[in-house]
Amino acid sequence: MTSESGSSLAKLLISCADRPGLVASLAQLLAGHGANILSSDQHTDREQGQFFQRLVFDLSALSTDRGTLERAIQEVAERFDMTVDLFFCQSPGGAPLKKKVALFVSKYDHCLYDLLLRQRAGELNCEIPIIISNHPDLAPVAEQFGIDYYTFPKTAEKKALVEREELELLKEKKIDLVVLARYMQILSDQFLSSFSGHVINIHHSFLPAFIGGRPYHQAHSRGVKLIGATAHYATPDLDEGPIIEQDVVRCSHRDDVEDLVRKGRDLEKVVLARAVRAHLEDRVLSLGNKTVVFD
Amino acid sequence: MTSESGSSLAKLLISCADRPGLVASLAQLLAGHGANILSSDQHTDREQGQFFQRLVFDLSALSTDRGTLERAIQEVAERFDMTVDLFFCQSPGGAPLKKKVALFVSKYDHCLYDLLLRQRAGELNCEIPIIISNHPDLAPVAEQFGIDYYTFPKTAEKKALVEREELELLKEKKIDLVVLARYMQILSDQFLSSFSGHVINIHHSFLPAFIGGRPYHQAHSRGVKLIGATAHYATPDLDEGPIIEQDVVRCSHRDDVEDLVRKGRDLEKVVLARAVRAHLEDRVLSLGNKTVVFD
Amino acid sequence: MTSESGSSLAKLLISCADRPGLVASLAQLLAGHGANILSSDQHTDREQGQFFQRLVFDLSALSTDRGTLERAIQEVAERFDMTVDLFFCQSPGGAPLKKKVALFVSKYDHCLYDLLLRQRAGELNCEIPIIISNHPDLAPVAEQFGIDYYTFPKTAEKKALVEREELELLKEKKIDLVVLARYMQILSDQFLSSFSGHVINIHHSFLPAFIGGRPYHQAHSRGVKLIGATAHYATPDLDEGPIIEQDVVRCSHRDDVEDLVRKGRDLEKVVLARAVRAHLEDRVLSLGNKTVVFD
Amino acid sequence: MTSESGSSLAKLLISCADRPGLVASLAQLLAGHGANILSSDQHTDREQGQFFQRLVFDLSALSTDRGTLERAIQEVAERFDMTVDLFFCQSPGGAPLKKKVALFVSKYDHCLYDLLLRQRAGELNCEIPIIISNHPDLAPVAEQFGIDYYTFPKTAEKKALVEREELELLKEKKIDLVVLARYMQILSDQFLSSFSGHVINIHHSFLPAFIGGRPYHQAHSRGVKLIGATAHYATPDLDEGPIIEQDVVRCSHRDDVEDLVRKGRDLEKVVLARAVRAHLEDRVLSLGNKTVVFD
């Protein structure tokens, strides 16, 4: 699993209406071009009649060239009405192709530090060129890691304007993924639509329990025995986007709200990191408000 | 912990408004009568200013008699406006005093078997004299374990009447605790009020997520990555009663509703059994819609 | 996942030295015979250079017949020096083909009840024609479920003889899998060799911690904070066989050995059941003392 | 639980041979001096006949003074042959009394960052005046957090000498607790004896499985389905000290050694942090190679 970032690899994500012959036709196509399939995961959602596949293959013995292969895949995609995403681990010239991630933060630093340290340790195969915040507080952390930090103060009147500036910055920096690492602002529908499927948020509850604000307070007054965290793609429907990862930790009557906040921080970090990692490894496909996350 | 059912033991559960001196005054009272405290757990809910304590003590060197001790405890209880529950593990004559439990079931047998086998294995310190159902299907299981099985078919018109009969039966059999072991009927407010704090239900979701019917279907359409089960005291507010125990298990896109039902069965069994065990060991106190569960 | 026991399905398990083209060649072979691949999992162990695959395919639109397909698979298997196992969910005549399981027990009944109830609930796709024991104690359980119960008392002198009788019985009943459901006897190397890869044992510790006898006592004296259970294929090297499934549960200083035994029973049941289920669904391949368990 | 660091609080840890009257005698003693007991946990190890208690009490209405109270406690301690530890949250003058912690590290930074960030976030009630290492690599991390970093290169010949220097530094800085945060050196018996019960180590396996070096490699070759981490007091018997906390995470055939190392880092961090936190809150008592950890 670790070596999927190997130099000559490519990954193909497919989603389409289910029908016989899909697995074989793609296997044949790749074999026919000399691409050696290293790994193939697929899933059929029977209720929705939808087929999902993730293929990892090695291009080092390719009998044609990338362009020819891409065109062949595109042709099959059109024939079967497939949604297709193809990712190369290296450019044709041999440079590693890493996704570019923008972190959005407010004042909490735990998810920020966690993601930065994991990226530096090689756990997250990406670049993190920018950190965006509505507050200046975490600029020193960005500095420690040598990352540009942009403060966009937000007011009700200027929200639309500021979001346009943020979108321009994301475009300029060629950002592939926005991670809301405990970003305490609601993004507009326009923003989310223009980055649809590429914004991951961490919500500090086991969704759909405790939707909305102050979930640890809600959990405390309900007297639950476990608290949770949920990483999901952010969509205009707040807290309703496709769930990528969730986890829980045990609590008890001994825990006051502050204890839940403390225990929750550990959860938020690992749940968000797992979701971001899965996305960066091209393991997540979504359909409606559900995801397929291949191991 | 195992030996708390020892012969000469007694347990005291206390709940009252918090004030200085509570721990010491009870310790002194018991010591003064020759009762040796084996274990003391307490908790103060600061928000609500409420004090909770559970004491286990040994009566074998009692310098007075049970009646005197009971009166002394009652006196302190009145002085401090305490809610007090005192449980003896044996009658004065030496017979073990076990709680009497009625199991309510419908057609699912997994929780029923689970509780019956645990009781027989000595995990649940109780007697189970009766099983009540709205269907005859599980009568053979009752028979295997030599337990009386009562079928009370329910119709909308006769519900009130039938519940009165059930309550009479519970009274006649001196039932201390009703366990709804996947009982697929909603009990009336009257029924629940007359057995308040002594009816444990298992809900097949991680409450408060997926309140109401068909929670596994709800979980499946929401695309959660964990499913849960919740044991709680049943109150007139459906699925809103004080939570005693919860747990979750991981699921994925591979799991259809039937898989969730299957995985959920294992959860329901252990979560319900842990809650029933905690109640039988007098470890649960409740205040409003929250519980204190001492380890 | 649930519907893999569908009528017209077949499953193919493959293990061989890794080389390019394996995934494509099998996909092509099946497609060429009109077999529609529903699911394909594969794994490459890079250290050992070994390739593993599990294919589920639908035969309902087969353009040839089963015999032809089997011969074609055999041919590919020989060409690539593959170990191949092919399972059909139905006989050509339409009868369901279920694995036959023999349960070995001694005096503990928790795993026995658990497996029998799961089988009856449809969780375990198998028949359980016989239960074998070295004690008569659990015969009444077998009777409740209508299963033949065989008592083979074991003494040091007669062990070899008795095991031969057991093996004959297993052969006569066409047993595919032996499950040691807390069977408190050590089987000889001869026995295990003649059923190699088809005997699943549950060990009541998190192997390789606490190998050997009385693991809960060992765990208690070491003061661990978690106890575990391990389901593995039994091999002549006691407690060293390939691990199929493991899990743990939290314990504390409050738990004495009896508490560990009680908590452990729940673990043993679910861990053994998951392992048996994975084996029955043909999800387990092993190499040396390790397993690949496809989800 | 959070507010136990409140200003006027004190904590008392007691361990002695079990006998009747212990709970009451301490409760009376404290009440007699006007100390209000806020929380009392106790445990009796029946096998070893040992009694353990942790008391938290409020001194704000003390009817005597600290010195008198201390002498009274000392007197009871002598009478019952108790081991007693008394901790005040504030000096008589009102300054907070925090434990002083030295972190020992080598080249891995994940546990180091984790502890420093938790301390800064207020999760760990301590001061961290120094970081000691056998390598200079992590000095920049120390600098970011404004902590003195000492490099003590170790060679086989100079080990004893260097340890003496380290001990002097610990003495000079009045260190209460040494945390080996993935410190890749074995400390001598002399060192550990002179700091007995005050050195916490994190071992990257579920002890007693995979004692010794390279536990992730050992786990990978054994093919386990869970990996673990164990925080324990370091004693001259390597990896045999009293366990404070353990946890595990699921792994599979898909995980190579690098994946185990990555997953293990998350475990090591939380397990070590929980153990350090429990120690700092005076929740851990030990007897032989076992611990009592009060919640």
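Think of it as A, B, C and D in the order they're written, each chain with its own count starting at 1.
Please note the rule applied: a residue touches a chain if its C-beta (ideal position, glycine included) is under 8 Å from a C-beta of that chain, and two chains touch if they have at least 3 such contacts.
Note that the structure is a prediction, hence the values are computed from the model and not measured.
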- What pair in B-D, C-D or B-C shares over half of its contact pairs, by residue number, with A-B? C-D
- Task: Go through A-C and A-D and name the pair with more C-beta contacts between its chains.
- Result: A-C
- Where the centres are mean C-alpha positions, what is the separation of chain A from chain D, in Å? 37
- For chain A, which residues are shared contacts with two or more other chains? 3, 43, 46, 252, 254, 256, 295
- Note on the structure: The answer for chain D against chain C in the complex is residues 43, 45-47, 206-210, 221-226, 228, 242-248, 252-254, 256, 289-293
- Message: If we count contacts the way the header does, which residues on chain D are in touch with chain B in the complex?
- Response: 3, 20-21, 23-25, 27-28, 30-31, 36-42, 44, 46, 58, 61, 295
- Any idea which chain A residues touch chain D in the complex? 1-3, 109-110, 113, 117, 121, 123, 144, 252, 254-256, 258-259, 262, 265-266, 270, 295
